[in-house]
Every structure is written in C-alpha cells, then in structure tokens.
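See the structures that follow.
What follows is chain A paired twice: with chain B in the first complex and chain C in the second.
Here is the complex of A and B:
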C-alpha cells in the first residue's frame, strides 16, 4: 500500500473496512444523491451498474454492427447497388474489408467507396447474381469475364 | 477549423428537401421510405444521435390508397383522458376530417418512439393537394420515386386509343352491350 498523505496512513490501521468501502465509493463517485455517499445504498447501485455494464458490452458490439450496416447501405444506395450484392461482389473478388472499414470508407473516402461499388457491380454482372441485370456496366473496371467476351 | 473545413462541414450537414407525390400510394408501405429521408438513413454519416435528416414534402395526401377493406376496417383510437372519453374513428372518417392525418400517423407510428421522434416529425410537411406554398416549393431539390406506378383510369384513354386497342373478337351486330 502506498500512502500519499498522512491521513491515509492513519486510516489504514485497524480493519480494512475503510479500504473495502472506498473501492465501492470510487465506482459510485458519479452517482447522484445518497447513492454516492451512503454505503448500504451505494453498494446496491454499484452492483446494478456493473450488471448493466456487463450487458452493455455485448449490446455495444451489436449496435455498432447495425450502425455500420446502415452506413454501408447508404453508401451503396448512392451508387445504385444493394448491400447484399455489394458484399457478395466483394467476397467473390477476395476483398476482405470488414464492416467498420467499409463504413469509414463510405464517409471519408467516397471515391474509394465508389470504386469498390463499381468493382462489385461488374463482378455481379459477370457472375449473373440476382438483381444484377439492372446495373449499367461500369466502364472503368476490366474483369476476366469481360476479356473472354 | 480552417475556412475550407468549415465550408465542408456546412455542405455535409446541409439539409435537402425532398418531394413525394402520394397519389395512389399506400401510406403504410411508404412510411419506411419517408422515414429513411427524415432520419438521414440514406447518408453514410448517419448516427442516431446526430441530427442529419432531411425535410420531406408530401403532396396530394388526399389521393392516398388503401388496399381492400382497409378504409372501413382500419380504426384510429383516441382517448380524451376523462371516463368514457374513448373514441374510435374509422380511416375514411378521419380522412374526411383531415386528409393529412392518416399519412402523418402512419409515419409517426412506424418510427421507433424516442426523444427524437417529434423533432424528426417536424421536418415532415404534408399537403392534401398539389398547392404547396411557394416558399417551400423553392427549396426542393429532389423527388422521391413513388413505390407504385399510378394506374391509368379508363376515363383517361381517348376514343382513338380505345379503338386501336387490340381486340380478340368483333362483337356481332345484334349483340347488345349493357349500359
């Protein structure tokens, strides 16, 4: 134990009740009312908060996935391609970009994202994926299927 | 922030105005489409806490269509708060009272209830006919494509088109068509 002040040294003697409670009060420091000052109330609130934190860790991941999907779908829509076709086209090209990176590209690198969507479009036309008949053939992409034709 | 960065931010978060013609459209099916533009789900910068949605102007809301028995069967509930204050209004009656109400309720109920819902709804402008005020019409930059094609009524065909329409048989002279 490191004592930063003399007061702490005095308090450290005797039972470790003070230190045990201090750990809880530190977690409850930002709570409101008696939930931050009275131990018996604080401990209940801390237990509750920690349970929420555990649930929240899983929720945050799923929330982010939903948000990334929304953003990628919006980016795809700007270039007239569906999200599923876009993903399928990328995976057939073996482009292993995850949802987070694709969402970031859609926001910060619009031209890169357009290039990806063009690529995905021409691949989906090559493999005749469902829904690919309505796409215009991008002129800036050369695929193996085009060369064969 | 540099001057260029500031202009870039203005352009990114600028609100657009979209026009939607509700003629012959089902408001229940249109509401996901309207919600997308109201909340800004069509922008890659979307975030639920960021106010990045656009304005949507809906015109001809008097001309909406419901399938089947929906006008009679669909009932809107209201309660005044006093005892015996409940009332149920069928859709056709509500539409007669206020032609914009059904569309507004359809969009409002489709959206998930949270603190932003009423703020987002403020950006929805509904007009019963095509008389949209000039100060709103001048903002519009985009038209949302309707979900369903507007069917052509029999009255709108000219006599020439009806005569040219391909026939399977010619009716005999003495065949009487009921009027």
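Here is the complex of A and C:
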C-alpha cells in the first residue's frame, strides 16, 4: 500500500475488516444469543468480559484471604481460641506461617493445628493478652517462660 | 521508703525533743518497714533436665518410626505444604534451571503421624533435608490485561505471560536427632 500523503496513512484503517472482526468473534465464540454473531453487540460484550477478567484477577486475591481466614477461624473455634489471639500468639513466638498454610494445616493436619493452637494459647497466657484469662492452661505445653522475650 | 524519709526528716527537725519522743519515732520506723520473708527454692534442675530429655527422646523415637513426612517450605516468597513426590508450581521469575537438584533450606515446619517440629521461624537446615529437582520451565497461559474508560476514548490492552517453574520434591527427611548441637554453629543463615 502506498501512502501519497500522511493524511492518507491516518485514514487507512488497520487490517482488513474480516480479520479485525474475526479476532473479536473468536473471543465471543462461547457467548449466547446475538452476542456471538452480531459484531456491534459482540464487541460490547467482549470489552465487558475482558474488563471483568482483569479486575477479577485482583479480586481473587482478596477473596482467598477471606476464605483462608474463615477456615482458620473454624479450626480455632474447634480448640476454643479466637482467631486474633491465635495469630498474635504465633507471631509473638516468631512462627511465620502464612494464612494459606495455616488453612491447609487446619484441614489436612488437624493434630499439627491443635499443637499450634495449644502453643498459641499458652503464649497468650504468658503475655497476658486480652481475652486469655478464660483459657485453661494447656497441660501438654511446657514453656517455662522461655517463649517470652 | 517515703515514710522512712519523712521520719528521718522529722527526727532532724525535732532534735531538741525529749528522749522518750525520739524512742517512739524510732519504734515507728521498725513497724513501718516490711517484714523480711524467706522462701525455700528447691534446686530441681536435674529433674527438669530429665523431663526435657525424656520428651526429646520420645520425639526422636517418633521421628524414626515415621516414613513419610510433610513439610512447609518457603520458596520464592510463597509457602507450600509439601511431601515426597509432590509437584510445586512456582509463579514468576526464579533463577534455577531445568535439571537442577536443589536443597530447600527455609523449612518452617515438619510433621509426621504423631509429631510436629515447628521452626521459629525456620528449622535447623542440618536437621531437615528436603531435596527437589527443577522439572520444567515454561511460560504461563496468556493473561489479557484490558482497561477501558467509557465515553473517554481510552482503551489499553496488554498481554502478559509469566515464567512458570515446576519443581518435583524428591525427599523430605529428618537426618539427625533433634537436640544435636555442633561445637561451632552457624546462625547467620537461619535468620530470614
């Protein structure tokens, strides 16, 4: 294609109409009704879908955090300790397991999770954290005050 | 303490008071000071050491009884719960190449059927041995990053493909007893 002036370059639009539309129709192939066949309707739906996909990638991360918190809280309630006290107790004695792993342990390794919750309970009693008055001192944890800094 | 100081002050100011008065004041000092109490401290270091030795012995026995362990390892900014023959998918840039055999050293937790070792924050790298092989290195599927603002003629589209590394966990082992300490120890490496 020869452009005699710069004006003509601006006016000539990209690839051929067929290829331009096929790109959009390919993405819209699984949509329902006229949104897959009519170009003017399809392109609106494709733009919406791509925007949702971009936003959804960020949303999934926050959703997962909520899910993990729910799972850890359920595990904590089983052993009679609050989620916040549990996390605080673990961080006070330098255990840096993250939410994902703690949720995994709560589901698949219940005995390990019980050990962690007992440990966290006794640490919170050592530090006299708020809400730790009502806990019974776990008999299977021997700290001798060494976990307290 | 404050009372004692007060009484001393009074004693100084009323030096010319009759002796009987002085005696009463000095008596007061005795009554105010806290009575000396004594408590017997039982030396139970031997009993405590025996108690902790027993616990360590039972844990070491439990470690020997287990054949399949799980571990929580920290790889490339993320934590994974792994066992033998697991495949771990690592997202993003990570230097090791295909075929590399590596030893994972940031081990946060190791557990088996009836015991769990918890690291604060990581376990001794001499005690736990986790080996892995880099199986595959590839690019992920294409993620479309599409932005658009209505009625403002703004539209951007980018395509992203990140590196993906697949790691095969070969073995999770505990190589020595848990309370073994060397004469010369390295601590710098253990701090994360």
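The rule is short, and it goes like this: the second predicted complex is superposed on the first by the 128 of 149 C-alpha atoms of A that agree within 3 Å, B and C clash if a C-alpha of one lies under 4 Å from a C-alpha of the other, contacts with A are read in each partner's own complex, and residues count from 1 in each chain.
Criterion: a residue touches a chain if its C-beta (ideal position, glycine included) is under 8 Å from a C-beta of that chain, and two chains touch if they have at least 3 such contacts.
The shown structure was predicted, so the numbers you read here are calculated from the model rather than taken from an experiment.
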Clash or fit, chain B versus chain C on superposed chain A: fit
Partner contacting more residues of chain A (chain B vs chain C): C
Which of chain B and chain C A:70 touches, first, second, both or neither: first
Chain B versus chain C as contact partner of A:119, first or second or both or neither: second
Touching partner for A:53 - first (chain B), second (chain C), both, neither: second
Contacts of A:109 with chain B and chain C, given as first, second, both or neither: second
Minimal inter-chain CA distance - chain C and chain B, angstrom: 17
Shared chain A contacts, counted only where both chain B and chain C touch the same residue: none
Contact set on chain C toward chain A in their complex: 48, 51-52, 55, 70, 72, 78-81, 108-109, 111, 114, 116, 118-121, 143-148, 157, 192
Of all residues in chain A, those that touch chain C in their complex: 47, 50-51, 53-54, 57, 93-98, 100-101, 104-105, 108-109, 111-112, 115-116, 119, 142, 144
Complex interface listing, chain B residues touching chain A: 41-48
Of chain A, residues touching chain B in the complex: 67, 70-75, 77-78, 103, 106-107, 110, 113
